[in-house]
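Labels run A, B, C, D and E following the written order; every chain starts at residue 1.
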């Protein structure tokens, strides 16, 4: 029997600690299942062991942690849930032959030619057009941008703006706010609303996003919301009060609200292990990534050669049982970027409804 | 009234007081003479409870007060006018004086009449009573400090070099005041470098050197002691 | 520690230990920790000049480190400036920015200076984060090239990078020793001990404080440039107050106002935090009280405490035996 | 017009909260000359305690506020004893670093105990008050009224009561205070406790329109520092006016200039004002 | 040597120094006396450039120094002592003194980095000047003691030495004998005489009349910020205004 260590470097203390833990637990959940399954590589039973190090969201600490994981713990795979850390790891992971599982949507992470990277979240650009079409049709042509100002939100804003204008709409306010640092959105929201928008683009972490939506409703906003995928509608709900207050919001389908049998079964397993803790996409996506990686090891017949494992990721995605493919991955490109079918939801009549992306705005 | 027996004090490894024994009877005016660093202030601070003696006993009215908190010692009637004044510089002169009566804070009427007396002693303070104490000159501040101590209605008053930095005319006034306070029944312990003026109004005096009492006696005997004359009176 | 340890022999031994480290390190992880520690040690030495020697606690230090890092990053990534030219520019830009900011802050004293500089640090951080067209905002700068080769010397492997950083650290220590041991260093110390008195002695306060400030931010700027070249990525977080706090802690652990103290602290503390990794989120539950205890029980740091004790003993000894030809006090000259 | 009133309301809300936090900070600075970096952590703990009392035990909002005030006052008093009391004679840097140690401890302690997620505090005051054509959120009005009432109470306490003036006396001369019979240790503990109460009340007032999480004190505390340095460290009126200045600057600045740069406003304001007036707005004479 | 014309200093509404004109004569001991709060220390602070004057001018050796900064004034040759001397307690007395001569040196950061000969020479010079000053005040034997370990009177002398190391022409001493016993006061007075004998000009504030009357060549009397008398000790102590305002009958001419 062989023990393979899986590395993790992410924020486990400080302001982003909960985020770090959520991603880590998704990884761990997959590992626990694998260990219970008599998982074999090359005919030998393999058990996994997660080595998690705290980097306080600080890339220089990530660099140190990565070295420590690879050199001292001999981890062939390191997962990192922030882009700065990902870039720090990419300076040496090719040389050290270690696979980076990068939980970030920043496109550059897969644009730098790194040979041992897998981007965990699937490409989000496909959401934008249907979201725009749906909200514009339902509420009107004026959009106020009031999203967060961190790197990921900026990427989103950069896609939403041209899409909205291309569809014949008008951007009446462009007013990003710091969702991570401050939690008083009164001025920002009132400024955005002063431009009388029909739709607001909002989004950052779920709870501040909820607060923004609530603030907008308090100030009399009656239109719809395009919710960036980082925020989950079900997590916004307790902040805003009810789904009714989120009427007309469109966003990704929360894991908890997904009615497909596979996801429901997975959620049930999760809730059994962590009672009272509802999983989000941080958990489900990282779970899937670990599953894919493990399968790729099996296909490559090695637990240590990252190059070989990376080469089998595409095949692993294809072969991954649907029950484990919660991210709905369908492919991985040459740079490690994943793509998949994304499930989305809208709030209509005070209820959350899953809709097919292709049918949105029709 | 106040008596110290075998009091020793150390600052770290430095022994500042070494078996000090002295006493002041009720109504007495006792002077402590000593060069810089002899330990006069250390005796006072220890008596007031700001420093804990390493050994020895300090009694006020026969009761042990060594190790008691400073606030309680003040409440029992032992009040000090410290070296370096230690005023509240941004508070008005009036507030400084009124805080002197902190331990009697429930006796408003008594404090007001006391304040009248103090302002009568130092008329300049009445003029400046609404100025921040820190804006006064050195001498004026010294008056505030003495006045503040008097507001505490001491039975035993410790005065640590009250004439330091004062103009000769004011020094004379200050000694007059001390004399009067004492005559009115307050026991006074006075540390001074200005031996000449101090001995004039004293009943008894001690000479301190390097943390020990080296001499004790009436003003006359000390005035006639050659060593004392040379060291503390000059010429 | 015997006496010779403070002389050049001690420093030579220390340098030798630095040079031999890669041979005992065993793996790149330890080298990475050590290299990062050395980079922060350079910045800490700078902070110590303005704080430990001149008595002005600059809380924007990490901000200046970030300025150096960003300058290098922006020039190399966005403008393809050769590495070493960008490296020199990093120092120049830091100093150029430090000049007006220092002048503005140094008119304040004590805690006012500290909190004012804390705000300057926050502003630097926010500007780095918001000025997207130049700094790339929250995304930060990626793909910063490593140090370019100088003649036959290449800086690609961790060992080579380590030696490069070590060389800069050695240079930094050497310059700092020179400054603190000189008349200039004494001038700084005089200002720390009492600026009224120093001014009455004819020492122009602003000019001297500004010199100390500029040298100190230069150390920060170059440390930042090395940081960028080593991590290959910079984001606004480099400017965060966390980094300033860390460096302050290094300085205090070793001992303020000595050269050896902050060096020791900056090298030793990261190893300590590394060894506490297993505590994960409970790390700071332990670390916080540890810091408090250190400050309460060892206020002069490890080196400071030892030096004070030794200076006193030496002074007593020389005063007793040979009042004329005693050695100079090492406290003033620094260790 | 509507907008102007809205922003004024928001400015008063922010200003009230900032002032309360800054007041505690300035009092402690006045007494111990410690820039207490852990003050933001007191604020955070206050919010958590109130939240847990309401959520876990179903305690009423106001009782929860009182409970939080008591607990944080205790924590602050214990911190004074264990951390700052031993350092009362140390130089400026040391208590500052110790405060950072305390901050790290409280923040990570809170996280270990309560987790790092964003939590939401529910209050009974979620409705709107219709006033003329304006809809004013109840909770915001509540914040403004409560904050200013508390400030007035504090002001009266400090200037009109003997116990209050002992705090000011202590701030100016510790030994002098001891010699008139004031117990310096008690006053130091009391001041810390008061600062804790102010922080906890501010947090409990603000939390319902906000989120509760371990790092919630970080930005508030840096702004509180800006405020007390603007107003002059140790100055009580300075903290109040400084808080309002920052509240107004942020609220109107964010609206009329840019929300993007909202958080810079306070700091830039400080730099500008101190460049013109190095001693702060309320302090006479040089520093 | 130093001429003060119509000097006035106001703090808010409070006039600390009011239209004072006087001359400090070279090579003599000039004393300033006056009741508490008369403005003596403020007068020193004005000369030394600590506070800017509200009105009037100060001319030192023909040069207007009214608007100069403290360090510039010091460089022109005016040194002062403070009431409480802050020494660096964990360094030796000599090390404390070395910066005293710093204002006469030129070495800057560049000299330090390059290790120029000038720096070496100047460091040697500073050390020598410090030793000389220490010898002058009679403390040559304690140069290696830690400053924190020396006695009060020695600290006063070290403060003198520190001022002397700046090579001043004019020394401003604020209550140099405050809190020093009579025997030691005499020693300090001798030291002041010795400075004057070496060509220095001294201006001192003191409340110790015995000392002043014997030591001073000229006395300036301030009261409520105004000059009320000026002259030789004999003249001053016979002046009724001075007796009223300050001396009292005790020190008046017998």
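Methods note: a contact is a pair of C-beta atoms (placed from the backbone, for glycine too) under 8 Å apart; a residue touches a chain by one contact, two chains touch by 3 or more.
In UniProt terms the chains read B, E = ABC transporter ATP-binding protein; C, D = Branched-chain amino acid ABC transporter permease.
Every value quoted in this text rests on a predicted model; they were computed, and no experiment measured them.
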item	value
Third chains touching both subunit E and subunit D	B, C
Chains touching both subunit B and subunit E, listed by label	none
Chain whose average C-alpha position is farthest from subunit D's own	E
Interchain centroid distance [CA atoms averaged], subunit A/subunit B, Å	75
Centre distance in Å when subunit C and subunit E are each reduced to the mean of their C-alpha atoms	40
Mean-CA-position distance for subunit D and subunit C (Å)	33
Whole-Å gap separating subunit A and subunit E, where each centre is the average of the chain's CA atoms	73
Residues of subunit D engaged with two or more neighbouring chains	107-108, 111, 260, 263
Multi-chain contact residues (two or more partners), subunit C	130, 281, 283-284
Per-residue multi-chain contacts in subunit B, two or more chains	none
Chain pairs that touch, as defined at the top of this document	A-C, A-D, B-D, B-E, C-D, C-E
Parts of subunit D lying in touch with subunit B, wherever the complex brings them together	162, 165-166, 168-169, 172-173, 175-183
Sites on subunit A touched by subunit D in the complex	13-19, 21, 149, 175-178, 181-184, 186-188, 190-191, 194, 205-208, 210-211, 218-220, 238-239, 241
Subunit A contact footprint on subunit D (complex, rising order)	3, 6-7, 10, 13-14, 107-108, 111, 115-118, 120, 126, 128, 135, 137, 209-211, 213-216, 218-219, 250-251, 254-255, 258-260, 262-263
For the subunit C and subunit E complex, residues of the former touching the latter	175, 178-179, 182-184, 186-187, 189-190, 193-194, 196-205, 211, 215, 308, 311-312, 315, 318-319, 323, 326, 328-329, 331-332
Partner subunit C, residues of subunit A touching it in the complex	12-13, 17, 52-54, 56-60, 63-64, 67-68, 70-72, 83-84, 87-88, 90-92, 96, 106, 108, 112, 149-151, 154
